[in-house]
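As written, the chains take the letters A, B, C and D, and residue 1 is the first residue of each chain.
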Amino acid sequence: ASAFTACQVTDTGGIDDSGFNQTAWKGVEDAIAADGIEGRFLESQQESDYAANLNSLLDGSCDVIITVGFLMGDATKTAAEANPDQKFSIVDFAYDPTIPNVVGQVYATEQAAFLAGYLAAGMTQTGILGTFGGINIPPVTVFMDGFVHGANLYNERHGTSVSVLGWNPDSKEGLFTGNFDQLDDGRAFAQNLYDEGADIVMPVAGPVGLGSASLADELGTDALKIIGVDADQTQTDPEKAHVYLTSVLKRMDSTVHQVIQSAMDGSFEGGLVVGTLENEGVGLAGFGSFEDAVPAELKAELDEIRAGIIDGSISVTGM
Amino acid sequence: MSTSIGKRELDDAGRALLQRASGGRGQFEDLVIVPIFAVIAALVLGALVMLATGVDIGTIGKSFVALGKGSVGSLNAISETLTSAIPLILAGLGLGLGFRAGLFNIGAEGQIVMGGLAAAIFAFSFPGLPAILLIPLSLLAGAIAGAIYAGFAGVLKATTGAHEVITTIMLNLSSFLILIWALKQPYVQVAGRSDPISKSVPEAGQLPRLLDWIDPNLRVHAGLFVMLIMVAFIWWLLFRSKIGFAFRASGENPDAARYAGMKSGLIIVAAMGTAGALAGLGGASQVLGVLERASPGFSAGIGFDAIALALLGRSHPVGILLAGLLFGGLEAGGRQMQVDAGVSIDLIGIIQALIIVFIAAPLLVRAIFPWGFRKDKEGGAA
Amino acid sequence: MSNVTINTAGAEQVASTSDRRARITGVILLLLSALVLFALDVAPGEVATFRLTTVRDAVQLPDLVVPGGFNTIVAALLAFIGVRQFLRGGGKWSTLSIGGGLFLVVLAFLVWADAGKSFNLTGMLQATMVRAVPIALGGLAGVLSERVAVVNIAIEGMLLAGAFTGALVGSLIGSWVGLFAAVAIGGMFGMMLAALVVTFRMDQIIAGVVINLFVLGLTSYVTSQVFASNRWMNNAEVFRAWKIPLLSDIPVLGPVLFQQNIFVYGALILVGVATYYLFHTKGGLRARAVGEHPRAADTLGVDVYWTRYFHVTLAGMVAGFGGAWFTLGSVGRFDENMTNGKGFIGLAAMIFGRWHPVGALSAALIFGFADSLQQKLALLNTPIPSEFLAMAPYIATIIVVAGLIGKARPPAADGQPYVKE
Amino acid sequence: MDVELRGITKRFGPVVANDNVNLVIRGGEVLGLLGENGAGKSTMMNMLSGLYTPDEGEILIDGKPVKFDGPGDGIEAGIGMVHQHFMLVPVFTVAENVVLGVEPTGRLGHLDLKKARAQVEEINQKYGLHVPADALIENLPVGIQQRVEILKVLFREADVLILDEPTAVLTPQEVEEFFGIVNGLKEAGKAIVFITHKLHEILAISDRISVLRQGRITGEGDPKTLDEEKLAEMMVGRHVSFTVDKTPAQPGSEMLRLEKVTLLDDKDDRLIDDVSFTVRSGEIVGIAGVQGNGQTELVEVITGLARGNAGRITFAGDDITHTSVRDRHRRGMAHIPEDRHRMGMVDKFTIAENMVLNSYYDEAYAAPLGSIDWNRVNETAAAFCVDFDVRTPSVFLPGGSLSGGNQQKMVVARELERQTQLVVASQPTRGVDVGSIEYIHKRLVESRDEGDGVLIVSSELDEIMGLSDRILVMFEGRIVAEFDNTGGKADRNQVGLAMAGATEGEAA
C-alpha cells in the first residue's frame, strides 16, 4: 500500500469526455504503465462536488492530486492552501501569484492551432475553411484564433484568399453550439459550414466534434476533412481516423505525466508548466491517412513556421 | 338573511360533523412501509444493474455500505446531505406551489440560474455592506430575479394563454446562454481570468458555515435556516393563508375559482412569481453558501431534480422536505460510493429513479411485496 | 293579464371583442413596421444574396438577389396591414395578419443580416428539415399518448433509450437491427409508462419524470462503465441520405425534401399515417374518445385500459425511432445525455401543434428553421452576440406560442387516471 | 326480454350503496325508479349495465344468470343505459358518438362515416328522433344531446333501456316529445327503466314504480293507485309539501336594474340582446326560457363573470357595470351557479373548504397575518350542513364524495346562509330530490320575505310558476314577455308559448 498514488478529480465533463479529463487521465495511465504507480479518479457531476471530492481525497492516501479544468481553480486553491503538505496540480489553469504546492499546467494552444490553420489553408480546394466552438470562452477560442491567424499567414505568403468561416478574431464572435455534449450539433454545424463551401472544418467542442467526423465520413474526405483538437483524434476516434487531416494537440497527458514524475523523484515544485511547441506540450499530430496527400513543400513550410514560432520570429496573434 | 356566517353555536349533530376521519392502517402503510420497501427494492435492482455490468459482489456490498456512510454515517456525511438538500428543497417548494396552483412550471432550472447570477452580482457589487445586510439583500436579489424570470412565463400565460410548459422550457434553455454571456461581461467577470467566471462573493455576503468550528470542511451553511423557514412559510401560505386558498382553488378547478371571485390572471402571475422566487432563492443560497461565485452550469440540473422532488413530496411542503433529504442523502452517498468502491456516480441516478417509482406507485410495491401489507381492500384504496 | 314586451329592437352600436383584438393587432403590426424601418434598415444600394446551390452542385442556379429596398417595402406593407387592421379589421384576419406580419419581419431580418453578404438558402432549408426530425417525432409520440389522455413527459427518456439502443445494437449486429431494437426499446418504455400509470395508477407526470431519470442514469452508467473501454460497442453505421430518383433533382425542393435519410422520410410518413389513423379510422376514433371522455368510451364497450396501453406503447415506438436518429441517423455513436432536452422541445411542439400530428410537425419545422437560421446568422458576423443568436429558436417559439397560438385545448381527460369504478 | 336483479349488494368503502336489492324488469313495460339523492339508483343501474360489478347477488336475463365484466358485456346482452351525466364526447359529431365502439369500417380500417350517417338517419326516422347526424355535440342543446344518448342505445339494438334522470335538463315541451319516444319504444317491446325526481313524470309514464331508500327497495306500487303525495312519502319517509307556501310579495326598493345590456360572442352574435329589467327587494322574479336562450350569459353578466358589451347594471342604486365578481359578492349578491360541478365547487376540497369557497376572505374567518381561521370555518360549515341536511359523516370529506343532490344542497347552503341583498339562483334544484327541493324553495322564499331581491333562472317551468312573483320570458337573448304571477295568476300556457318564441300577437 506504500505505492505512489496519483489521484484525479474530473470536472463535470467526466472521465470519458474525449477531451481534457480523458487526456489528463491518460497521463496518469501512462505513469501507471511506465512507473508502476497507482491511480484513481473521482468524477464530479456538479460544481458543488469539486470541494467535496477534493475533501475526500485529503486523507493522505494520494501523493499528488490532479484537478482538471479552470472551473476547479477556486476549489483547488482552497484545498491547497488548507493542506500545504499535499501536492496538487491543476490542468488548464494558472495561479498568479503561484501557490507553493500547486503546479498549474497551461498550454500555448494557439501555436499549434496556428500550424493547423496554415496547413488547412494549404490543403483546401474550395478556399474556404470552417471552425466552430462549444461555447464562446477563451479556452475554446484560442484554438480558433490560432487557426484563423495561421490561415492568414498562408494567404500572406501565397497570395491566396482562403477564408475562415465561423470565427472573427476581432469581434470575438462566431459559430458556437452552446454545449459540449450534443453530438448531432457537431454534424449539423459542420454541415452548415460545408454548405457554405468549407471543405476543412475544425470543431472545438469536445465530443461534439465526433459528430462532425461522422459527417465527413459520410460525405467522403474529398468533400470534407476534419481537424481534431486536444488529443490525436486518430487515436481517440479510431473508427473515423481517416477523416482527420491532423489534430491540434494539447499534450495534457504529457504534462500530467511529467508532474507525476517530478512528484515521484522529489523535484516537485509549485509554479507553472506551460506547454508550447518548443517543449512539445502542444503540437500538431501526424497527417494520418493524408500523409501522402500533404505536399512535401507544405510540410517543409510547416516545419519552418514551427521553428519560427519557437524562436519568436513568427507571431501567432496575427500582429 | 338573518343568519350570519362565522359565529355559530353547534348542536350535537353539528359537532359530530367535526370528527376527522382517522387515517388508519392504510395511511400508515403508505407513509412508512411503502417507502421502506421502495428503498430496499431500488437498492436490490441497483445491485442487479451492477452485476449485469460486471461489478463483483464484494464491490457491490462495499458500495452500499459507502452509500449509507456517505449520507448519514458521519457528521460530514450529514453535513453534505443537508448541503445538497438545501437548493433542491427550495426549488422543489416553488414547483410544488406551482403544481398546487395548477401550473406545470418546469422552469426552476432557469430561475435558479437567474437567482444565483443576480445574488452573486449583487453581493460583489456592494462589498462594503455588513453581513447582516448583505446576506439578506443578496438572497432577496436572487429571489427577485427568479420571480421576474418566472413571472415572465406567468404574464405570458395570463395575457395570451401561452402554455407554461413551452415557455418555461424555452426560458430554461435561454437562461444558460444568458448566464454565459453575462459572465463574460467586464463588470461581472473576475479580473485576470479569461474564462467566464463571476467575481467572488465577498466574505460578508457568504452564508456562514454552521459547523466550521468543528471542522472547516463541513459545508452545511446558514441556507439551511432559510430553507426550513421557507418550508414552514409555504406550508402556511398554502394551507392557512387566503392567497394559498386561492392558489389551491384555481389549481383544482379554475372555473370555480373564477366563480368565487378569484382573479385567475393575478393568481397565475403570483403563483409563478412565488415559485420563481423560491427557485431563485435556491440558486442564491447555492452561490452564496457553497460556490461563492457564479460560473457556467452552476445550476447543475437542480431545477430538474426538483421536479421529481416536488412530485414525490406530493406538492406538500413537508413531503418536499423529506424527499429533498432523501435526494440529498443519495447525492452525498453517491459520492462516497465513488470514493470507496469506484462505482460510477451515474448509478445513483438509476437508484433515485427506482426509489421514486416505488414510492409513487404504492400499488406496485404492494404487488411486489404482498406479505408486507394487510389484504383488506379498504387499506389499499387511497 | 299583463303581457308586456319590454324589448324594443334597437341595434345600438356596441364595441365587440373582435374589434378590440383587431385594434391590438393593428398596433402590433405598426410597431413591427417601425422595427423594420429603423432597426432593420438596409441601405438601398446594398443587396442580400441568397445562394440556391453550392459550388459543388451539378446544376447551378442563379443566386437570389434581394435589394435593400425590400425592407422599406416590407415596412410599408406592415404599416398598411396594420392600419387596415386598426381601422376595420376583425375576425379571422387578425390572426392571419399577425402570422403574415411575423413572416414578413423574419424575411426583412434575413435581408438585413445578409445585406452585402451571401449564404446558402437551400442548405438552410435542408438543415431545417433535419433538425426538425427528432422534435417532430418526439411531438408525434406526445400526440399519440396524450390523445389517449396519458401525459408523456417520458419522451425525453424514450428518445435517449432509442439513441442508446440504436448505437449499441447497431454496432453489435447492424444498423437495421439497431433501428428495430431502438423502436422496440422505445415501445418497451412506452409499455412501462402505461403499466405505471394505467395499472399501478401512478401520477402520470411522476411516472414520466422517473423514466427520464432512469434512462439517463442507466445509459450514462453503461456509457462510462462499458462503452469507455469497449469503443467497438459504440460505433454504428449511419443511415446515409437516400436520394429519391428524379424528385431529388428538383432545384431547392429536391435537396430539401428528397435527399434525406430514412429518418426524415420516416418522420414525414409517420405524421401522415398518424393523421390518417387518428382522424379517419376506427382505432383513431376510439383513441380520441378515450382521451376526451374515457367513461363514455367505457360505457360503449371500448376497453380504456387496453387503448391506453396500445397507444402509449405506440408512442414509445415512435419516440424510439426518433431516438435512433441521434445515433443511426446522425453521428453513429452514443454519448451521455445526447438528446439534451429535445424530448421536452418535442412536448412543446405537441402543445404548440395543438395535439395534432401535422401541427407538431409544423412546430418542429419552425423550431428547426430558427435553429438553422441562427447558425447562418453566426456566420454572417451580425453584431448580435452568439449566445443571443443561439437563443433564437427558443425566443421564436415563445413569440409564436404567445402571439399566434394562445390557449390550446388539450384532450379533455388529459393527465387523469381512469378508474373503472 | 326480462331482467332480474337478485340480492344485489354494492359497497363503496364504508358506504353501502345497494343493500340486498331485488328487482324485476319486463319487456314492453316502463319501470319507474324513485329515491332520494344518494339512495343508490344510479349505482344499481350501473351494475345492470355492466359498468360496476356487484359485490354480492346476481343478475338474470330471461332466467339465466349472467356476469358482466364490462359495459361491453351489458351491451352484448342487450342492455343499454342513458347515464345521469351525459356520456358523450363533446368534440365528436353525433354520428361519431353513436357509432363509437361499433364503427362501420371500409378497407384499411377506414372509418365509414357515410354509412354511419345513414344508419343514424335510419333510426332517426324509425323513432322520430330528429337528430342532426353531422352536428358537433358541444353545439347542440341538451335536449338534443339527450336524444343522442337514446340513439346510441337504440343503435346497439338494446332491448332493455335504462334512463337515469333523462328529463332533468329538458324543457316541458321536450319532455312531452321525449315521452312520445319512450312510449314508442315500449310499444316496440323494449323494457325501460326510468329514473327521475319528478313525481308527476313518473306517474305519467310508468307502468310500475319501485322506491329505493338508503340502498334498499322500500316500496313498490301501481301508478294508477298512487299520487304524488304518497310517492313522496314513500321516498322521504315524511309528508312533503309541493306547493310553495308564500304570502303575496311586498316589493320594496329596487335591488337590481339592467338597462339595455348586450353581450356579443366571438363572432359578434348577440347572446344577450338589449335586455332591461329590474328586481325589487322582497320579490322573486323568475326568468323562464328554454335553455340556451341567453340565460346562462345573463347570469354571468349580472354576477360579473362576463362583461357586457353595452348597457348598465345597478345594484341597490350603485352602478356595478364594471365591478368585479368579488365586489358584487361583497355587496351582498349571492349566486347559485347553474353547473355546480364546473363552477360551484371544487371536488377535491373538503366540504368545509367548499363552504367558504367564495367567502374565505370574509372578516368572520380572518385570523392574524392574512390567515384563515379554520376552526371557525369548520364550525360554520358543520352548522350549514345541519341546516340544509347535507348528508355526510364529516365536513372533512371531499366535496366530490357527496351524491349529486347533496352537492347541490352544499352550494345552496353556502349562498343562502350569508348576509345577502340579492340572490341570483340558476337552476337551484336541478337533480335534487323532492324533500330537498321543498327545503330549498322554502329558503328562497324566506330570503324574499327578509327583504332580499331574488332572481331565479330555471328551465323548470313548474319551479318558475310556483316560486315567482313576476315572470320574465327569455327567448333568443331577449326578454320577450313579462307576466305578473301574484297568487299564481300567470297562465302556464301563455308562458309556455312565449318560451317557444311565439310573438306577442300569437301569445295574446
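Simple rule for what comes next: contacts are C-beta pairs under 8 Å (C-beta built on N, C-alpha and C of every residue); 3 or more make two chains touch, one makes a residue touch a chain.
Here the structure is a predicted model, which is why all the values come from computation and not from measurement.
Peer 1: At what distance in angstrom does the C-alpha mean of chain D lie from that of chain A?
Peer 2: The separation of the two C-alpha centroids amounts to 75 Å.
Peer 1: Taking the mean of the C-alpha atoms as each chain's centre, how many Å separate chain B from chain C?
Peer 2: 30
Peer 1: Between chain C and chain D, tell me the centre distance in angstrom, where each centre is the average of that chain's C-alpha atoms.
Peer 2: 43
Peer 1: Provide the C-alpha centroid distance between chain A and chain B, rounded to the nearest whole angstrom.
Peer 2: The answer is 38 Å.
Peer 1: Which residue numbers or ranges of chain C touch two or more of the other chains?
Peer 2: Touching at least two other chains: 223-224, 336, 385, 387, 390.
Peer 1: Can you list the residues of chain B that touch 2 or more other chains?
Peer 2: Residues 177, 180, 344 of chain B each touch two or more of the other chains.
Peer 1: Which of line, ring, star, complete and other names the graph you get from chains that touch?
Peer 2: If you draw each chain as a dot and join those that touch, the picture is no line, ring, star or complete graph.
Peer 1: According to the definition already given, which pairs of chains are in contact?
Peer 2: Chain pairs that touch: A-B, A-C, B-C, B-D, C-D.
Peer 1: Would you pull the chain B residues touching chain C in the complex into a rising list?
Peer 2: 49, 53-55, 104, 106, 156, 159-163, 165-167, 169-174, 177-178, 180-181, 307-308, 311-312, 344, 346-354, 356-357, 360-361, 363-364, 367
Peer 1: For the complex, give me every residue of chain C touching chain B.
Peer 2: 196, 199-203, 205-207, 209-211, 213-214, 216-218, 220-226, 336, 341, 344-345, 347-348, 351-352, 385, 387-388, 390-391, 394-395, 397-398, 401-403, 405-408
Peer 1: Would you pull the chain C residues touching chain D in the complex into a rising list?
Peer 2: It comes out as residues 1-10, 12-18, 91, 280-286, 288-289, 292-293, 295-303, 412, 420-421.
Peer 1: Quick check: in the complex, which residue numbers of chain B touch chain A?
Peer 2: Answer in residue numbers: 76, 80, 83-84, 176-177, 180, 184, 192-197, 200, 216-217, 219, 286, 290-293, 295-298, 300-302, 332, 335-336, 338-339, 342, 344-345.
Peer 1: Could you please specify the touching residues of chain C with respect to chain A in the complex?
Peer 2: 54-56, 119-120, 122-124, 126-127, 130-131, 134, 223-224, 227-228, 231-232, 235, 238, 240-241, 325-326, 330-333, 335-338, 340, 372, 375-376, 378-379, 381, 383, 385-387, 390
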